[in-house]
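Take this structure first; my questions come after.
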Amino acid sequence: MPGGARTFLLLAPALVVIGVLFLGGLGVAVLRSVGYMPLIGLTDPSLDAYAALLSNRDFYRSLALSLHISITSTLIASVIAVGAALLLRRGFAGRGIVSFLFQLNLTVPHLVGAIGILYLFSQSGSFARLGYQVGLIDQPGQFPALVYDPFAVGIILQYVWKEVPFIGLVVLAQMQGIGADYEAAARSLGARPWQAFRHVLLPLILPGLLASSAIVFAFTFGAYEIPALLGQSHPQALPVLAYRLFTDVDLAARPQAMAASILIAAISGVMVWAYVALTRRRVGG
Amino acid sequence: MTDVTLKDLTLRYPGAEAAAVADLSLRIASGQITALLGPSGGGKTTILKLIAGLLRPDAGDIAFDGQSVLPLAPEARGAVMVFQSQLLFPTMSVADNVGFGLRMRGRPKPEIDRRVTEMLDLVQLPGFGPRRPAELSGGQQSRVALARALVTEPRVLLLDEPLAGLDAHLREEMRDLIAALQRSTGVTTLVVTHDQEDAAALGQAVALMLDGKIVQHGPPEALYGEPATAAVARFFGNPNAVPGRAAGGVFHSPLGPLDLPRDWPDGPGLLTIRPEAITLGQGGGNTVEMEVATTAYLGTHTRLTLHRDGVTLIAHLPPDAARGVEKGGRVTVGLPSRALWLLPDGPA
Amino acid sequence: MGRALRTTLGTVLILWLVLPLIPLGLWSFARGWRWPDLLPPVWTLDAWAYALSQTGGVLQSLWTTIAIALAATALSLLIGIPAGRALGLHRFRGKALVELLILAPVIVPGIAVVFGVQTVFVSLGLTQSAMGVILAHLIPVLPYTILVMAAVFSGFDTAQEDQARSLGASPAQAFRHVTLPAIAPGILVAGLFAFLVSWSQYILTLVIGGGRVETLPLLLFGFVTSGRNDIAGAIAMINILPGLLILFVTARRLTGRSAALPGILRP
Amino acid sequence: MAKSIRLAAALGLMLTGPVAGDTADGDALIGQDWDTIIEMARGGEVNWFLWGGSDTINQYVSEYLGGILEDEYGITLNRVGLSDTVEAVNIVLGEAEAGVTEDGSVDLIWINGENFRTMVQADLAWCGYPGTLPNNDLIDWDNPSIATDFGVPVDGCEMPWNRAQFAIAYDSARTEMPPRTIAELIDWVDANPGQFTYPAPPDFNGSVFVRHVFYHAAGGVDALLGPFDQALYDEVAPRAWEILNAMEPHLWREGQTYPTSITQLDQLFANSEVAFSFNYDPSQFGLAVESGLWPETVRSYGFADGTIGNTNYTLIPFNSPNKAAALVLQNLLISAEAQLEKARPEVWGTVPAIDLGAVPDEIRAEFDALPSHPSVVAPEVLAEAALPELQAEWIAAIEQGWIENVGR
């Protein structure tokens, strides 16, 4: 069997599955968003759904909120993750526990973490109660609003909790592959610890950091259950808005839901691309 | 010109049973190349890292010109280490690699550019600045690493196995380059190597380290011809050791009385002679008749194993001279008295 | 960084990682735990009794979740191992495009795809069924399986197979006795990730399963939005269990470098 | 071993998905002899989609109802828990749109109000069967609050299951003099900033609360009854928004955000963040106390100027493949025994939807003997000041108006 055909046969099942389910799903969403589905009698394509969405102030507020959530969580999680990886690379008491917890955390569904955050940080949650017990506050309303709040603090806290181990483990694997010698060489050549990190180690771990944080960015931008659980009533994160449109009993809202989903796909694609390009230019060698 | 003193250095890696370096003392003469020689895995790289400040000793002191440098961070010591694997930063161009140390010190860019160009010329890589490390051959990478270290004008240069992994002819080129650069800069240099030949060729002084201890420190000739112990002799490829007793300038051994080159204190001892010093027939005084156990033609020389009265000697003879010597035959060999050396540590 | 500072930071990190799980565990044994009580005033097994009862739906949900995750894992391995081999070992035209296509589901959020998939699945009768959910789970699961297997195969020397063939093995025998043992640890890792990715899915299950296929995350969401913190706590604990189990079973394999081997796990 | 067999069985079952049922043809069932219908349903299954957030309701459904179906009719009851009834409506909508007319996945939905209107308007409900159910005799179809669902005539398209009337809950240990009318409540909120809020419509209960304010702004409900009247709406609505917007700065978190669901409000109430919760179904108060969510000092009441009441129903979608089994289940739901069981405070405590005058005397006696939960205001007390629901178009307009004028 010629090599080309063999390669194709090996890849074919995967390409069929991803092509049909993923591209197909996207394609159908595009068709429905422009109102063209001959199978169910829609034959007049139009951009009405996009026009309706893009002329709605709520859409922009949702978009801004989702961008805020994903950018902030990705940045914070990346910084802490790199710090944690630096910590884990060296020995310290409890290193075994941390790496166990990192791995455990990877296996915990997001929703579970979100509920934990809710119980910890709500105005009547564990921290607020602690505040009451030590006399800092008298009633729940005095505790800062960290869930269902306008700045999405609770959502971001959850993502940081869940993504630090993810990015951390990827970066740690890279650091272990690189070893400590590059930094030692830099130190020996006169670099201070921060300089050795900034000019030598950071560019070296950048591929893993970029890949993992781009995944985090896309995920936090498009996830539904966390903002649905921890978000405030208005504005809603973009995926929550899209799902609400999709489940609106008024079927006229469905093309808008499809349009919203296509916009989510497009925006996350563009943002990930821009993020990778930008970071590479700023940090890369 | 900086002289470096290591005093009672001890380091044990966390979790390791034996100390990597134990009570090690060594003085590295200023302005010279000292070769630190020893078998692989003997803690030599650890010593370099200790001097560079990349590791902290558990005990002992390191002083440059009599001043302890232990409180100084690596970047403040002026002791640059060139790693065996060169560790050129793959994310930077060759020029950025070479200029790295200057950039870290915040030197102005024109100065960095000028110095980088100079250094690349000096290591015979002019115009290589814009390339990426991955595009360079192994030998070129070594030279860039050397340039990158020297551009910072270090007080002490620490080279870890600079010749390992290079082809034979590249090795010689590199040896010459290192020697030339050291001569022109005069920087105190410590070269770590496991290869006696490299050590002899590069080092104005050689410190041999066995089992975590410096067993002999001196000019290379001394380590070859006048080993301090049988182990030193063996490390330098000399397995010959004949037990006996010195008395009145003569060594009494199973091979008969052998004239010593000078007076030696009387007493039991272990006599050694380098295999290549042994001659066929008469020569330099002592002659012994021995039985040929094996012969092996090795290109540059022929190797004979000789027996007599429980004593085994290895001799390296010029192939021409060895022609006609047969296994199982008897030959008369000369043990020139100027080549005889009584090991100071006595009978093994 | 001083040792003391490192230990302090490490302790903070440990606390932060564990903290959200603590109230979940406490809630599952709590009753009437209201402001401003720091600890539950009454300890009870009621929530667990409900969660473990035959009619509560939690156990059924557990089996459903496990079955779906296992099926998605098996399917994705079946499809992902050959594809990983092609990507890890072969060079071919359009490889970059294929890689981009396989990566795309990782970057494009599930919610962007699932509405379209649901529309099609409805007419195929695949909504409301586990089969539909399993297929939908392949969208996020498959890329990870393929990428892990590609990484595994890129470190595999096919000369070993040639050696086996020249010693008289059939292609199948060579695969069975030479290739499979060599890539087995990689398959284990890929399978674990596939399982866990499927295990945590929410929106795909919700939209495709339509409520009829009720996996643990869906059940959990229902109870937490109904304010039953005690039952939510118990379900959350059950939800963590497989990960914990997998970690203990594979503790050796997953420590150190291989833990993050793919560098491409799911967030 | 047993577990792996169960796992395999579960997988096998699920992979098949919904099968085309044999009783999808509704016309063939209407007017059939009941025993024949039971025989057609026997051995089959029924998929009931209903809100699944209460463990006690779930257990009543799965254990009590499911047990009877299994034991007496050999029918398997699949309880499908929902977070929101609209999810089930959506499934049927999607199926109808995709042309799935016979083997739909939903056999029964717990429903009322807007969702019912959607189903009827989209022609997704199966209608005309109630006379076929033996227990239909227990339903008082002459009662307008049974025969119309939020102003939409039921017309044989759903069967009543429970009745409910809006009530307010407070903690008697914390709040001594709760406001007894909407007007008092408005003053109370001003005097006690941060202690009150309501879920953002379209949450079901938040929407009911807003309607109470709307009634208050309109000076009574009478003018609002009947079909939607845009001119009247335009006159009343601004007054209602003014009241609610004036209230906003004194709400929980200064009205910057609202709870998204009634359960969020229940949690706030449980943790003393706010002083009141409320519910369209006061029996939920009893359940909350029984589950330990609320303290036992919780009491409840209705506004003196009246609270809105409604009935909730079960509906069989047009494309249900198991209509016979769904009928058997519906008949069981409105049986006197099942309604009695459901009325017990420890089980659920809801108000029966059947006419108690029509049930056998001994069961009637048991109903009368039911203890009342101290936290649940008695239905008779509430009924003294009952307000009717508006028609669904009104409700939709009010919800949308709230979102546009108050919520954002």
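Each chain gets a letter, A, B, C and D, in the order it is written, and its residues are counted from 1.
We adopt the following convention: a residue touches a chain if its C-beta (ideal position, glycine included) is under 8 Å from a C-beta of that chain, and two chains touch if they have at least 3 such contacts.
Every value quoted in this text rests on a predicted model; they were computed, and no experiment measured them.
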Relative to chain C, chain with the most remote C-alpha centre: B
Higher-contact pair (C-beta pairs counted), A-C versus C-D: A-C
Distance between chain centroids, defined by C-alpha means - chain A, chain C (Å): 17
Interchain centroid distance [CA atoms averaged], chain B/chain D, Å: 90
Euclidean distance of C-alpha centroids - chain C vs chain D, Å: 36
Distance between the centres, which are taken as Cα means, of chain B and chain A, whole angstrom: 56
Of all residues in chain C, the ones touching two or more other chains: 34-36, 119, 123, 221, 225, 229
Residues of chain D whose C-beta touches two or more other chains: 87, 97-99, 264, 267, 271-273
Where chain A touches two or more other chains at once, by residue number: 124, 140, 246
Topology of the chain contact graph, where touching chains are joined (line, ring, star, complete, other): other
Interchain contacts (touch definition) - all pairs: A-B, A-C, A-D, C-D
Chain C residues touching chain A - in the complex, by the definition given at the top: 1, 3, 6-7, 9-11, 13-14, 16-24, 27, 34-38, 78-80, 82-83, 85-87, 90, 92, 98, 101-102, 104-117, 119-120, 123, 135-136, 138-139, 142-143, 146, 196, 199-200, 202-203, 207, 216-217, 220-221, 224-225, 229, 232-233, 236, 239-240, 242-244, 246-247, 254-257, 259-261, 263-267
List of chain A residues in touch with chain D within their complex: 40, 58, 123-124, 139-141, 145, 148-150, 231-235, 246-247, 249, 251
In the complex, chain D residues that touch chain C: 6-7, 10-11, 14-18, 47, 49, 52-55, 58-59, 62-63, 66, 78-83, 87-88, 91, 94-95, 97-100, 103, 105, 261, 263-264, 266-267, 270-273, 288, 291-293, 295
List of chain A residues in touch with chain B within their complex: 91, 181-182, 184-193, 195, 199-200, 203-204, 206, 284-285
Interfacial residue positions of chain B with respect to chain A in the complex: 14, 49, 52-54, 73-75, 79-83, 85, 87, 89-92, 96, 100-101, 103-105, 148-149, 152, 158
